[in-house]
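This is the structure I want to talk about, given as structure tokens.
Chain nomenclature is as follows: A, B, C and D, assigned in order of appearance, with residue numbering initiated at 1 for each chain independently.
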Amino acid sequence: MSVPVAVVGASGYAGAELVRILSGHPKARLAALAGDSTAGQRFDALYPAARGLVDLTLEAFDPAALAKKAELVLLAVPHGQGMKMAPPLLEAGLKVVDLSADFRLKDPILYEKWYKHPHSAIELLKEAVYGLPEVNRKLVAKARLVANPGCYPTSIILALLPLLAEGLVDVDSLIADSKSGVSGAGNKATPGNHFGSAGENFSAYKVAGTHQHIPEIEQALGLAAKQELRLTFTPHLLPVMRGIFTTAYADLVEEGTSSKKLTALYKDFYKGERFVRVCEDSLPDLKSVKGSNFCDIAPRVDERTGRAVVMACEDNLGKGAAGQAVQNMNLMLGFPEDAGMEGMAFTL
Amino acid sequence: MSVPVAVVGASGYAGAELVRILSGHPKARLAALAGDSTAGQRFDALYPAARGLVDLTLEAFDPAALAKKAELVLLAVPHGQGMKMAPPLLEAGLKVVDLSADFRLKDPILYEKWYKHPHSAIELLKEAVYGLPEVNRKLVAKARLVANPGCYPTSIILALLPLLAEGLVDVDSLIADSKSGVSGAGNKATPGNHFGSAGENFSAYKVAGTHQHIPEIEQALGLAAKQELRLTFTPHLLPVMRGIFTTAYADLVEEGTSSKKLTALYKDFYKGERFVRVCEDSLPDLKSVKGSNFCDIAPRVDERTGRAVVMACEDNLGKGAAGQAVQNMNLMLGFPEDAGMEGMAFTL
Amino acid sequence: MSVPVAVVGASGYAGAELVRILSGHPKARLAALAGDSTAGQRFDALYPAARGLVDLTLEAFDPAALAKKAELVLLAVPHGQGMKMAPPLLEAGLKVVDLSADFRLKDPILYEKWYKHPHSAIELLKEAVYGLPEVNRKLVAKARLVANPGCYPTSIILALLPLLAEGLVDVDSLIADSKSGVSGAGNKATPGNHFGSAGENFSAYKVAGTHQHIPEIEQALGLAAKQELRLTFTPHLLPVMRGIFTTAYADLVEEGTSSKKLTALYKDFYKGERFVRVCEDSLPDLKSVKGSNFCDIAPRVDERTGRAVVMACEDNLGKGAAGQAVQNMNLMLGFPEDAGMEGMAFTL
Amino acid sequence: MSVPVAVVGASGYAGAELVRILSGHPKARLAALAGDSTAGQRFDALYPAARGLVDLTLEAFDPAALAKKAELVLLAVPHGQGMKMAPPLLEAGLKVVDLSADFRLKDPILYEKWYKHPHSAIELLKEAVYGLPEVNRKLVAKARLVANPGCYPTSIILALLPLLAEGLVDVDSLIADSKSGVSGAGNKATPGNHFGSAGENFSAYKVAGTHQHIPEIEQALGLAAKQELRLTFTPHLLPVMRGIFTTAYADLVEEGTSSKKLTALYKDFYKGERFVRVCEDSLPDLKSVKGSNFCDIAPRVDERTGRAVVMACEDNLGKGAAGQAVQNMNLMLGFPEDAGMEGMAFTL
């Protein structure tokens, strides 16, 4: 009685993590995997960890074939491919969760500006739902097409959302200093992810207003603040495989807020959210979210400077990609929101 | 209708890994946790990863109290404590899986020689079953008390067992060169596991016949070979958190064996074993067993020297400790042997 | 004809790094090492890397004995000890570079507030020179007592100094988001620096205006800005042994500044500085400063938000501690400023 | 009055390490660097760590041009290139240290068998000196052409040499289990050295008599034993950047040898050797040789099995490549053997 689903782009890191989660899902079953250059190969030849657990061979992408096997497709593909694959899948009657960036921005001009190529499925932009369940839960549940949020944006939006929704901070003062594990850049070997470059090292990249995730963050926070806004975003590369840690800064508009009060406000704001854990007495760390779909958030106030300092921590492949995609899939298929992730990996 | 079980020593690494596996187990449920210095603390205060997943507080060790709550107890305690805790638990009617070294050696004199203190529960040594399911599956299923194998011994015994059982090698030529992750030494901070010592480093310790796991390995392999034997064992410390990689060497008694033939023999020997994966076309690595209960084994022949070279790879906290303990528990409680570990974590 | 010098606290990380640099110094020679609990032990028993290179045994701290052997003493000791050791050493005629925090703050009330104990050598606070050669070169050269800057402060002050000295930014907008390697917390084993905690992890600590380096940074930047100021500082723990990476933010007071212009301004500001490298076409990373006394700085402008984003990178044991201490020693003894560090380690 | 030398292949890891050591050498000076695909680029653009330290641009390989600038050339090139580059350099009157494998094996048939292509400079094989100074010091000093030993061979030969030279072990029982850092495989990005593959992992490769370093090791040990011999060699990949750790095994022919006696024998055998440190009371580790030209060796006896267990530890880029090449260069140019490496990096 399980619902058949398919993963396209299963050879990449996010795709492989989808396979991991879905291989133990109680209500969905992996019916097909598709790849590109990897079509024809067994999944467990690409990821030997899966031997004895996943008995599937990657196929070439074929919407008609997928429509015969599955009811919903998760696209773990690079930007530019999601907008090509989604239309035929929808037409074939499938539901789609797109992990690429293609349906996140509502404005196709903004998309072209930041992603350097025109949008080829503009007609779907209005229908597509931005899949951050903490904001759009009801819309996701009714959607045919969900745009799964980016890894950095998820951590930054969840970190700053309560401050902006409640009008507590100056919208011109927003800064997000984020640190990501190496898996965020994919599994293709490059000089930058050579162990000799990335190991025992730390660096910044795409600084000072140049990272393509900026408009996505500004769109979501602007909606919460009910005004346009801009933030400074600095991404960094951590010498770990998984995890994103964001430290966000914003100037409080009124005096008198304390860490204690702000934490209480966040706990209230995220009340009932299964996958947001507000940290009261401790600070978050990567290890405590590894392999999970949690985003741990610690809001604090620097009373000396009147500034909110909010730390948010997630697994970039979990809540930052595959975990959130399964959360969205669960909503779209009417499953419990945490199905497949109830006892999800916390690891030493 | 799930069976209630308890974990003693839940604050240590093996204990915490037991909690992780059991928190998602379909047929057993975590009914109690016990600690020593950590009694009175919530488990998720010790391991924040468990927030929202495990709602238990550690208790002091009390056999009567545990007997009211659970049917089986897993002891994740240091050697010397298992033999003190097991007797009252058995007396109270509980089944016990002891992860300490206390019931592994059949000979109490040998125990005292290697562990430097006398055995205090000699009367149970005969009854205790050495919990390597690949050898003692039927005995485990009927046992009240199971001695869970050591982390190094599991990898070394599984690597060499077919060679000795089939009489293919010179019993005087056995060497095991093993490499373990840092978690093998526990979670107490010491100069040796300081990040500044263990990170970006590699070293050997307890070399040349001094490691306490030696008699356990020799006992198991001697039973297979039907004769007493001795091996040289060198443990090393790897700069990773989890995993053991053993490279074992043995001189073949006859010429003419090839890697291909030996692999076929191992595949046959371990046929039907859920948690032993014989590697044919590839070599094992730590990443592919991380978080799982698998032991991946690649037997090869160095035809130039007439020597078998067998690599075996496991997660020291999985098949080397907690995973194997759950496997034993499953057998003792009549569950499918892989219950709770069907989709067990394969991770990037 | 080399000048004899001594290191007190040689068993700690900063002390050991001093020994490493000084053991190859062309004009100074290591005449004595002192420790506390390690007195009586050979240095190369503590750091086996030094076998065959350093033939010294640690002594108990004895000002009179040191005065007979050395002309200058480097104190690599915790705060609270520098102010006890410096007075008798000065009295005995020695010059002193104190790596502890004790003589960095001019205001003893501020010291007591942040370090939680009263200052015991207030009479020396005025004489002590804050040993940031890029600011106080001439004073250092004539000093008897130099307060070696903290690791975080060095990177933050060098990052923001030109902006404040030139009046380019709003002094109420300063934020420093810093990430440090594990060696910054010393070589004593704690739960936090256990490989199992610090490895493959990332976290923040002492956030929101609570880290004791804050007044030191504010004192130096306030002097440059010629007004009191406050900054928000967030320290983080990186899973690497060595290195600090600071990302600093400040709102530009005028429009129209570009990354190019700001870089040119920094190049001019630090013209002739041997150990500050302004990055024009690339961004700094930890690996490129490891083992060196360099601080690499990349100033950039986020033109969308009108904010300066300045990255600064150093080895926390190099320019952040021992390297800078040797730089100060060189100035005090009339040596070339880079003596002992001309070919200093750049490593893969 | 320093002697000008050149490095060919300066963009690779071994080449860059040569540049690092030579940039601080008291008697040689870096006169030219040559690369292949990197010709025309500044060295410090490839390795930003060198900014302010090395002011050289890579040239295309041109023997005549090098002969005008340098007296000795170090070839840090892949096998197959050393035998093409050395002849014209020698003809132009230069001395050559070849770090490639091309002149290590005396037998060109053996070379072709293991390296899969014919040797193109057979006439030089007899003249070339195998550059292990501990064996061939005098020959190296007089040589025009030195074949710098391989990284694995250096550690294995130094580990087993005393046992074979003194006839203490069965030559049919030799096993070397070696573990190398990632830099050993070069700086070209491949799936295997992606941080996601090599980090937090451990694996074996080229096992069971297939690694091309085997004949080099057998040649050197056979000369010491005065008979042909074969060994089993298993290379493994460590998740660290630098370092090789070899654990070697050999059956002792006589009973009664103890670890203490064997250690004394090794101390005597390596008496006066600047770069071999025999470990008496401690065991070697990677950290203690990082950045240095030392090989630390701990010989032990497993008295239960009558087997010698010898651990040897070196930096694969130091004594395993660039350090040893400089040691050879020093001998060839009449410098002190440790020139440039007197205070060579011991690092935390």
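Here is the rule we use: a contact is a pair of C-beta atoms (placed from the backbone, for glycine too) under 8 Å apart; a residue touches a chain by one contact, two chains touch by 3 or more.
From a predicted model like this one, the values you see are computed outputs, not experimental measurements.
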{"item": "Least hop count linking subunit B to subunit C through chains in contact", "value": "1"}
{"item": "Chain pair with the higher count of C-beta pairs in contact (A-D, A-C)", "value": "A-C"}
{"item": "Distance-maximising chain from subunit D - centres being C-alpha averages", "value": "A"}
{"item": "Between subunit D and subunit C, distance of the C-alpha-averaged centres to the nearest whole Å", "value": "37"}
{"item": "Centre-of-Cα separation between subunit C and subunit A, whole angstrom", "value": "39"}
{"item": "Distance from the mean Cα position of subunit D to that of subunit A, given in whole angstrom", "value": "47"}
{"item": "Subunit A: positions in contact with at least two other chains", "value": "13, 183, 196, 200, 239, 241, 284-285, 287, 290, 348"}
{"item": "Residue ranges of subunit D in contact with subunit B within the complex", "value": "172-173, 175, 177, 179, 196-197, 200-205, 207-209, 214, 230-232, 234, 236, 238-241, 243, 245, 247, 249, 259, 283-287, 290, 300-305, 307, 309, 311, 348"}
{"item": "Residues on subunit A engaged by subunit D in the complex (per definition of touch)", "value": "13, 182-183, 187, 189-191, 193-196, 198-200, 239, 241"}
{"item": "Touching residues on subunit B, where the partner in the complex is subunit A", "value": "13, 16-17, 20, 23-24, 47-53, 183, 200, 241-242, 274, 277, 279, 282, 284-285, 287-292, 294, 296, 317, 342-348"}
